[in-house]
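In what follows, chain A forms one complex with chain B and a second complex with chain C.
What follows is the complex of A and B.
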């Protein structure tokens, strides 16, 4: 299964990105890592070029909200993105925030799995569950 | 390979001296070891007749094997690119086309192909690209319908391997080359670049006017931008140019830009240190009308004219002053087009530029001060900055000479 991943916007926090790449590979995914500093259009374009099934976006520095809001408008421009599973994690707001507010908001933006300050392995386990639910694995 | 040069050696037929000829859309120039001459072209004559009429004696002095010609006179090849995304397939193919000296008529995002109008001009080569090798079904019927309505001479596919059988079954005479996108989404340029460069060669050889020139040279005729691009890594041997720099070649019909890779944030990883970009229909002779049109549509141009102490009427004039103003406008428009002020194929980090190098006919018309005047107007007005890069005028055509010599040494 193919996954496109990277860190959105002007964010340069790279450590999580490397760990995500390794963890996904260890779990048997084929990973396309766009690295830090990646814009939304590049994420979607990479999904198209690779034929990926999953898009996993990280955000650490507090920019996520602005980009999240852009997702519905941009995604609507694409004709071949309807089936992808979208996942976002890291620090999804400035400060600590409250997961009960954050999760529904990001689901509203179109994300299927939202992991605000959630440990990576926990997050990837919920991805596996979703794949099973959807009979994709 | 080093050559031993003796300064007082002026016997042309000896092994060392070469005659270099550059044929442009408006001028041609000749350069030997000591001298450069430049002539306005006479469009009532073929290029060869014009050359032999004006410089016959000089040409006579040389063996065919010592004459090297490059040309930008045939306008170059045109391409239309069809790709599946802006960030990868279209961007990579555009980059390769520009660096091969090809002019891009349009780029088409495949998913919306039905919304694009079909250009009526004959397209020299259509490039189709999309998907890494493990992705499939990147294209469908709408591609073939579009191609049916398009007139083109060549079509090349450089997308996913898995799509090759369908593409071959549906597009007659399609040339298939290795994918230009690798499995890590990086660019792979070599085979498409070689293909386009060869096509350019064949095109030159097919054009009567240029074909004639093989009567006076035994060497392959190259495209001028290709030669210039090869020179850029050595430019500092001729001028105190500080990297990163932008080279502007404002010609009669088109404007060519070569720039240091450091000036873009692109994720394109290539071996080239310098990339090229072309603005068709931006020139001061053949494309004068479209230049004026572009100028009138630029919101800052009236301020610029005021700054130059002239009015719009200058566009109707035929004078040295008018030519100067047109060239200054061309510089300004080009800077706008490559800045973040306009969203384009590339936006260069103009605040990091250390030098602007100008080559071509413009160096005979404008002084360094006149160019700097425009450049600083641009930085102040558009970028709100006092940044002031150094202007270098290649007024002896050293860049082209260096490139043509270098090319000849490589052979």
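What follows is the complex of A and C.
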């Protein structure tokens, strides 16, 4: 199973990005890591290029909020992206916010799994559950 | 006119620079007080007295002046001047706008002192007023104009280097350009060093401050030192940060000192002074301010065990943002107190660890020198590109990210996957032998997460 991952926007926080990469590999995924400071278009281009099944975007400085609202418009421009699993995680707002408000908002942007300040392994477990539900694993 | 001088004329001919007078600057450096040169203090300091230097930079002249005043009252040895992030990216237009906003509204709109916008005539007044050595802290890949301005202001210590100021801070600034821009910096420093006491160059050893093994830290320190000395720099500081194990720090300090002398001699530069700098913990800090103070205090003790010539301090407010001048000065006073009462330190030598580390460094250095390129900077460039040098947790696209490190039971950083780095087999077996590698990969990733945050 192929995963494209990276940190969205002008966000240089690299430590978690490397750990996501290692954890995904440990769980047997084939990982295409675009690293930090990645624009939304680059993520979608990489999904097409690699034929990935999963797109996992992360954010630490909270600017994902600004980028998230661009997702539906941009995704519509690409064909063949309807079946990918979209996941986002990290710190998903600038300042503080609670998960009850944040999760529905990001689901509205088209994300299947939303992890706001969730432990890495818990987040990746929820990805496995979704793969099982969809009979992909 | 030499090519270098032609380039200098172009660099200072910038709309944000007010009439740069090279002749006047030359006269200023020639007649400058010896007290402004940290190289002079290194040479004449009382035996074993470590110099204490904090970090700090505020946007306005008045606030920077007030910060320096606080530091002097706290018995500082070396004053810092930390430059804002716009200046680091050569964006002087934004720095100018934010400086104006900071001056008009009394709110800090920059995370440091925009040195180029203030200019050397203004800044020199502050530096000569305090008459203490000042260290320039920045993070700039293209620091040519910044360094001209700094030296003209009376700042005679320049931190940074083409590797240490790029791999931890940038995703895609071209590394080959950084080498050439830093070559200019080294030459300018070398030329000014002939006029009075030498300008001191300092490398930034902490790198990403995240599980970087000592072999990689030392190799990069040695290479930046050689790139500097070969251009004629006569005073250079190698550095590293607290790693998490006292023994590993002592071993690292001993090997770094020994090999710096060795490699300087190899290129006939034994006349250059080599100093050792120790950074208090550079990784994630505890939120609890009292715990942060304990961590800082322990770092001071280890720096003394390491035998550092200078220590660079943190503050109890590290986890919460840019520290106040009060908190910053408090660390200086506390560190001086701790150094004053630290007497009768034991002499700790771990021969086995020193041997392993020395073998690793020699093997990587040899691989770099064996690259077929014609100049040292190209050999180093190729070695980073090939993954012979690999810095854990660097965000830069050129870095391989194939080396994996973890802590052993004593919290020493160990290499469990060497990637393309030529760690000799015997050393690699030793490093892995210290760790429990029977666990599954997910547990090892959990251990890495834990190992990064050990001080929190």
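Quick note on the criterion: the second predicted complex is superposed on the first by the 137 of 137 C-alpha atoms of A that agree within 3 Å, B and C clash if a C-alpha of one lies under 4 Å from a C-alpha of the other, contacts with A are read in each partner's own complex, and residues count from 1 in each chain.
Everything that follows uses one rule, which is that a residue touches a chain if its C-beta (ideal position, glycine included) is under 8 Å from a C-beta of that chain, and two chains touch if they have at least 3 such contacts.
Quick caveat: nothing in here was measured; it's all calculated off a predicted structure.
**Q** After superposition on the shared chain, which partner residues are touched by A:22: those of chain B (first), chain C (second), both, or neither?
**A** second
**Q** With the two structures laid over each other on chain A, which partner does A:42 touch: chain B (first), chain C (second), both, or neither?
**A** A:42 sits against chain B, while chain C stays out of touch.
**Q** In the superposed arrangement, which partner chain does A:121 touch: chain B (first), chain C (second), both, or neither?
**A** second
**Q** Given the complex with chain B, which residues does chain A contribute to the contact?
**A** Counting only chain A, the residues touching chain B are 2, 32, 34, 41-42, 44-46, 48-51, 78-80.
**Q** Can you check the complex and tell me which residues of chain B touch chain A?
**A** Against chain A, chain B makes touches at 84-89, 111, 130-132, 134-136, 181, 184-185, 267.
**Q** What residues of chain A sit close enough to touch chain C in their complex?
**A** Against chain C, the touching part of chain A is residues 12, 14-15, 17-19, 22-23, 25-27, 35-37, 120-121.
**Q** If you look only at chain C, which of its residues touch chain A in the complex?
**A** Residues 169, 171-172, 208, 210, 392-395, 397, 401, 404, 440-442, 444-446, 448-449, 452.
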